[in-house]
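Please find one structure pasted underneath; my questions will follow.
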Amino acid sequence: MKILDVQGLKKKFGGLTATANVNFNIEQGEIVGLIGPNGAGKTTLFNLISGAITPDSGVITFKGKNIAGLKPYRICREGIARTFQSVKIFAKMSVFNHILIGYLFGDHKNKASGSSSEEVAKILDFVRLSGMSESRAGDLTLANQKRLEVARALATQPELLLLDEVMAGLNPTEVAETMELVRKIREKGITVIMIEHVMKAIMEICDRVIVLHHGEKLAEGKPEEITQNKSVIEVYLGDSACLPSET
Amino acid sequence: MKDKTKKYSLFAGFIVILLLLISLPSYASSYRVIFVTNILMYVILTLSWVIFSGPTGYISLATAAFFGIGVYTSAVLSGTLSLPFVILIGALASFCLAFVVGSLTLRLRGMYFTMFTFALVQLISNFAHWYEVNVTGTVGRLVISLDSTIIYYSILVVFCLVLLASYFIKRSKFGLALQSIGESEEAAAHSGINVTLVKVTTFAISAFFMGAVGAVMTMRWTYVDPPTAFDIRLSFMPLLMAIFGGMGNLFSPIIGSSIFAYLEEILTTKFPYYYMLLFGGAMLLVIVFMPHGIEGVFRKFQKNNKQESAKKT
Amino acid sequence: MLTVRNLNTVHGKIQALWDVSIEVEEGEVVALVGANGAGKTTLLDTISGTYIPVSGSVEFQGQRIDGKSAAYIVEQGISHVPQGGRLFSDMTVRENLEMGAYSHHAWKQRTETIEQVCQIFPRLKERETQVASTLSGGEKQMVAIGRGLMSRPKLCIFDEPSYGLAPKSVMEIFQVIRSLPKQGITVLIVEQNVGQVLEMANRAYVLENGRIALQGIACDLLANDYVRKAYLGL
């Protein structure tokens, strides 16, 4: 079942074309990677889907409903959640309250059975931040802040999760932990689209990969196909880095 | 545990003060009662201001506008309706204006929002003036003034209401949303919070109490006109008082505005010609040495104590 | 060139560095690796003057610089490219680069330096008049690195320069960084990309919980069992 269908999406900022006629669809339950050179329009695409900006033209269909142009809070309540490239947490707030906010405001249809504290505790446990419940978000390390952002997004009970460079700045061990988390998220039935530069993650957990370049779709396919694609290598991967850097 | 005993002692201290305030007219002179009334006016304005501008960081200078609407509502209706209704309608008028204005302007960020709220005061004041010149024919209105004790108790009621409102907003789901908006509007919106609605509603709630206190204070004056009702100083004072006191919890703005208002009253009576100079000087000292207000000084004091006891152990 | 001795720094309420000592010789590329929260950024910030250490010393070319202002330290010839870039978001790319050449001797040569930087990052030439806040994450990182080079430093400190960059750009940047010693710039680099950075560095230090856990020649560390397990996920 197609959970997300994007047709003819276009967005310009003044004279700069950020998104130039993008078309693709996502099946429910997939983990799709979104890669491309810096400035290709990946985060802009996320912004268009999550409602942070409105498209100039095009249709974004989520579970059969056109959501293009809706406000972010509406789209969140429809079931799409996201994280941000530059981690946007509420620095002075406790970890617990972050997740509580997502839980209280994110979903108006299916309130889970337990009390809010129980549900928040479950999510804390899921992302392995249980020990930090009362900590001030601003005091956490970057890796934990990223995990907190994911937790807050999960608390809104999404069906589609957009992860924007959630692995950036993490060392290989932390990357492995995060990959495990993404797998667990998919097991819960949540579809994931992830923007990433950490090729190891793309290769190992993505079912499909979409490549953007200058605001257009350059290529699409399985990870192995993409890494052999000549244009992708030329434009994004560079010559010797087709595979994740292992020694 | 220490936190809890501190909270209880603060609360107990507050109850004592409240009781003293309630019984004030019975043991104090009429002058004193009026003096405290004025101080409470500033405290309420500051608390109302902090309800919105505190957590969101949007600095509003529209306080005088909402206060003035309350004044004018009261001036128009005084004599025709009973006091509680007059106050309520004054408050609601401000609430409605703030809701409308907020919906239009809360998309403006930072400085632009502040400038707009400042302009709003001028706009409304001038409109009132134009209306009076062209429609009613006379500038200003006479008001049936009331006994200072009635005014005092009315203000005390508004004070308790704004306190309750502040307290419950802070601890509620709404308050949590406000806090998140203050830190990152984008993240808040993406977490399902209708940011515009929350901002506008809070702005309107804060205006409600500003209108209420305006409606009450009118009864003290026998005559009101646009400059008195929409006095721009009433926009700046709550802001300064909030900075002076701090905005981290409920008590800091109260303490800050009380001290500030008390100082202002003393300075205007003792040094009527220099008070602005002294005032400005005092503000400079505060900003340089106490950038986080009294609350900041308190926190530093606490921190040093903790470090001292930590060193000893 | 740079000698850090027994450095202890407190960050907020927490002690972030415990008796840290590192050395960077002229013409080297020295890497600093470690988990998030280990104290790497705090160490770099102490060296470049953002933090004053509680005890210990930082010497640059024989002179004490700990406790001195960041501006003074830049004048001495140290350039710090912070994590996340921290650009002047309302200024254009060119203006950001020019700001990097603020110090006296760099300012006179700024036109020449900008040309050199644009050769390293051609994308910046394209986006020269674009306002920094409108750039993509990776492009911002390029501007930040370019800005760091604008001060014509003797020692350049990079805090996670590969953050958010496409694989191809990462390779290009590492090539650039590796070639800096030939142009007379010594390098101290912090990276999460442990494998790649150890391949291009001469020596490296491993920071754990604010202490130096390991140090040595980069290739040795690359072969070290503990490093492979803990940091390379092998």
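Residue numbering begins at 1 within each chain, and the chains themselves are lettered A, B and C in the order written.
Assume a residue touches a chain if its C-beta (ideal position, glycine included) is under 8 Å from a C-beta of that chain, and two chains touch if they have at least 3 such contacts.
Since the model is a prediction, treat every value here as computed from it, not as a measurement.
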| item | value |
| --- | --- |
| Middle chain, criterion being Cα centroid separation | A |
| Far-end chain from subunit C, centres as C-alpha averages | B |
| Chain pair whose interface holds the most contacting C-beta pairs | A-C |
| Subunit B and subunit C, separation of their C-alpha mean positions in angstrom | 49 |
| Subunit A and subunit C, separation of their C-alpha mean positions in angstrom | 29 |
| Centre-to-centre distance between subunit B and subunit A (centres being mean Cα positions), rounded to whole Å | 43 |
| Contact set on subunit A toward subunit C in their complex | 13, 16, 35-40, 42-43, 85-86, 139, 141-144, 165, 168-176, 197, 199, 235-238, 240-241, 245-247 |
| Subunit A-touching residues of subunit B, taken from the complex the two chains share | 173, 176-177, 179-180, 183-184, 186-195 |
| Contact set on subunit A toward subunit B in their complex | 50-52, 71-73, 76-77, 81-82, 84, 88-93, 97, 100-102, 104-108, 152-153, 155-156 |
| Residue ranges of subunit C in contact with subunit A within the complex | 12, 33, 35-37, 83-84, 123, 130, 134-139, 141-142, 160, 163-172, 192-196, 198-199, 222, 228, 230-234 |
